[in-house]
Amino acid sequence: MTFPRLRTNALFARGLIVLLMIVTLLPFLSMLSAALAPSGSYPSGLEWPSDPAWGNFAKAWQVANMTELMTSSVLIVLGTVPAAVLFATMAGFGLAKLTTKRSAWFYLVFVIGLTLPFEAVITPLYFEVRELGLLNTRGAIILPLIGLYMPFSVFWMRAHFLSIPQDLSEASQLDGARRWQEFWMVQVPLARPAIMSLSILLFLWTWNQFLLPVVLVQEPTRRTMAGALGAFQGQWGTDIPLLCAGSLIILAPTVILFLIFQRQFVAALLQGAVKG
Amino acid sequence: MTHLENSTAGAPVAPAPRPAASRRAKAQRRAMILFIAPAFLIYAAFVFVPLGMSVYYSLLRWDGIGEIATSARFYGLRNYIEVLTDDDLLQIIGNAFQLALWFTIPPVCLGLAVASAIRSQMAGRFGTATRTILFLPQVIPLVAAGIAWSWMYDSYGVVNQFLRWVGLESWTRGWLGDFTYALPAVGIIGAWVLLGLCTMLLVTGIARIDGSLYEAAKLDGARPRHEFRFVTLPGLKNEIGICITVTIIQALSSFDIVYIATAGGPGIETTVPGLEIYRLAFAHRQVGLASALAIVLMILVLACVLPIQWALRDRNK
Amino acid sequence: MTTTKLIAGLALGASALATAAAAQDCGSDPVTLNAYFETGFPLPTELATEFTNQYPNVTFDIREDQFANLMENTPRLLSQDGAPDLVRLPSISDLVTNGLLMNLDGYYEDFGWDSFPEGNLVQLRIDESGRPRGVGSLYAMGLNYSTTGVFWNKDLGAEIGLTEAPTTLAELDAAMAAAKEAGIQPIMQWNKETAGLAFPLQNLMGVYGDPEPINAWIFQQEGATIDTPENLEAAEHLEDWIEAGYFPSDANAVDYFTMMSRFTGGEGLFMFNGDWESANLQNSMGSSVGFFLMPPMEEGGRHATMSSPLTFGIGANAANPDCAAFFLDWVATNETAREINVAVGGSNPGGPADMAIPPQEEGSLISQTLAAGQVIGADNGAMDFIANATGAIFAAGWTPELQKMVGGQQDPAGLLADVQEEYEDQLAR
């Protein structure tokens, strides 16, 4: 064990990383290769088809109603993320500034929800949403998601406000209206980085949410992208090239956004894991 | 709980030495509660109420179709007894724990290997490329991961193609339909998804370890494995704890991947509690049993995660 | 009005029936039928298209799903607002117990469905309490009435000298052994997601025993059991096939559509399947595909096989039940619909007993499967599917247990005992 460590180590690291990158990319490549086989055929492994059937993407776009699916996902994200971020920012601020014992209790109530698997509440959620008359609407996904996001989001924003030096917010000197103003004019702008990261995470989780749409919304055009992909698999799973083409289209938006905002996404996901 | 009672009961009669300040503090408290209210209300409506209903349903025998008042009957703890004694349900819970091993060990080990080999932040273009590619599985829906890997594992898919290519023809099989390999195969899908996150967490963590610790170790004549054992591992304890927490939660509450890749088969070899709750509640119309399983699942997640969190907190003090 | 129509239908037969049916139709206002169909089978959608051609005010909002999802989703969908008007039903008994399906007795009278062979409809009747099946009110209709059996690849058969369809179980066994010997996959069968091995198993049950006790079990008659000595022999025979390697080694990873593409691709001498694939197989394999009924133990013995309606029901909460019922009647009685039905669906279109099945080309696969249906009728050997006995018996009983058997984790006695236990457990709920 006396070989020159640094170089072998660096080589080993690089080799290992390249291997991991290949393994990470392989499923995407295999999907692409299958997506280019003639629609309705049974493709075979990884091979570049002699006559790539790019038309599969157009066909998948059309049969899956992709335009409507994207619109639906965007609407769900717009309905969920801003509201969740706003509520969480307010609550995080409130909890950070409340120094009584009661706040500890409030805080505990939120933290309990941090590890809650969605499956633990999906059954009663179904009946609750049915009572509210929201089954099969986007509201059936939006409202529960906002609630389900609260533990993490509140936890996240409270951590941010706790890290802000106390003297910046002598809010206790202010009365109601100005306290609200101070929150918007001073606190929120200061919290922008935390709010951005939280928004990114909530966007991803909403866009990729599967269980809620599967149970609560039957109509694929009112689901999230992931839920719609489930329906797409149900309907076109028998045609592997088409299924792969559709899946690639459906995962493209988040991947493109990720590639553009790579640094922000990575930072948000890493911090999200640390705090979660 | 007791503080709460004290503070509410004690507040009105508490002596107020400085009326103005106390009034301000009170106003402040009231205002902050208003700030918390929206989050709390929607959280209560869509998490606490359903959770309470889950507990309630778990004590019933109910098909979920008729009205509760007329078609459900009180069933006591028998649903819980069934969850904890029925062979199939026990196997399903066991599957989740096996899956947790698969979701946890490969990403953490590979991440540790990468981290201790480069032992610095990944910089430059190579670093960016690595980060970007390894994080890709984190941003796609798990459903898409399930679809991609089902095709990888197909009899004509890439995995078997590779085995044939290296001459291991006899190892080829329909992986997701094989009693021995289906669960590990599903586990590898999860490992694939979590690999990037764990690796980057550990790489970030190792870069923060004080370099002088390694210098000192070297001066003491430590071999690489000693270095790993006495410097790297302790220094990364926090990050490893985080990785394990994330991967265990993902494994125990998995649904999407299994739903798409195997639908729980062959047999019930890859059925996980999340999938079984969904089936019991909506397809087999056993809302009570589904709810009992849901509560048990929630408790199991807590029972796995809390000790890890406590261990981390103790050491951080 | 109802009575006049009924009398007209009874007295004048098919021609009058068409008029009677027209009396209750989809009106002229725009109607959108909410439909939930099974993925991979084009017949319902093609019929819907033709229906819209003839009745332009009616459009269909069709959602499709794979069979396993269909089984999972149907109870939930039928119990909520906006329940499907038309839904493909894997099994009806639990749905009736829960009051989720519309009772079709009224339509039966209005449309004069008593002119349809009662044998076709009996599987769709069910006691109001949910059991037994086979008696009581009508809760669903068949889009057509299928026959199952064995498709075989004649080219592969020729390689092992098999030129005529086997006529006894022993001959079938011998052909499989010969194929195995010659390196040909003897059977192509799916077993992923749902257990396709239920087909050969039930066929073997029909060879070793009579269909009546099996139907009694499927119809949930008092005291019926699947765990009988005859069925045990059948299950043992199936296990022999598994152990001899007659099924693909990755059967548990082969879903229905993978099986179809492999069989049409020339992999597999035999495939246990139904005549709903006749048209499809004819198109893709031409003259190299044949069909035979599961051969009995002795030559000339009684044939028995699964033969059941392609079941469609109307949601109890559906918005347009009249129009949906009219569609079901139209499928059975309209000439164009019947032609589409046979050409695309490959099965007997049912309908009034005196309406002829649209003629098929002599010797075509469809004509072979239709003829097989006659044999089964003559032998009185029709069984419903053992998978349809209860709403969840396929998903929670047959599928996992047969997958275990393929994986070497279950033996024949355990298979039947476990399924019977699951069955009783479900009936006790």
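Labels A, B and C are assigned to the chains in the order they are written; within every chain, residues are numbered from 1.
Everything that follows uses one rule, which is that a residue touches a chain if its C-beta (ideal position, glycine included) is under 8 Å from a C-beta of that chain, and two chains touch if they have at least 3 such contacts.
Because the structure is predicted, anything quoted here is derived from the model rather than measured.
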item	value
Chain contact graph, described as a line, ring, star, complete graph or other shape	complete
Interface with more contacting C-beta pairs, comparing A-C to B-C	B-C
Between subunit A and subunit B, centroid-to-centroid distance (C-alpha), Å	15
Subunit B and subunit C, separation of their C-alpha mean positions in angstrom	42
Residue numbers of subunit B (touch at least two other chains)	64, 282
Touching two or more other chains - residue numbers and ranges from subunit A	42, 126, 215
Set of subunit C residues in contact with two or more other chains	73, 76, 258
Of subunit B, residues touching subunit C in the complex	63-66, 153-155, 173-179, 263, 265-268, 279, 282-286
Residue ranges of subunit B in contact with subunit A within the complex	1, 3-4, 6-8, 24-25, 27-29, 31-36, 38-40, 42-47, 49-51, 53-54, 57, 64, 110, 113-114, 117-119, 126, 128-145, 147-149, 151-152, 156-158, 160-161, 192, 195-197, 199-201, 204, 223-224, 242-243, 245-246, 249, 252-253, 255-256, 259-260, 273-274, 277-278, 281-282, 287, 290-291, 294-295, 297-298, 301-302, 305
Touch list for subunit C against partner subunit B, complex	68, 71-73, 75-76, 79, 94, 98-100, 191-193, 249-254, 258, 391-392, 395-396, 399-401, 403-404, 406-409, 429
Partner subunit C, residues of subunit A touching it in the complex	41-42, 126, 130, 133, 135-136, 215, 218-220, 231, 234-238
Contact set on subunit A toward subunit B in their complex	1, 5, 9-10, 12-14, 16-17, 20-21, 23-28, 30-31, 34, 42-46, 86-88, 90-91, 93-95, 97-98, 100-106, 109-110, 113, 115-128, 143-144, 146-148, 150-151, 153-154, 171-173, 175-176, 179, 183, 204, 207-208, 210-211, 214-215, 225-226, 229-230, 233, 240, 243-244, 247, 250-251, 254-255, 257-259, 262, 265-266, 269-270, 273-274, 276
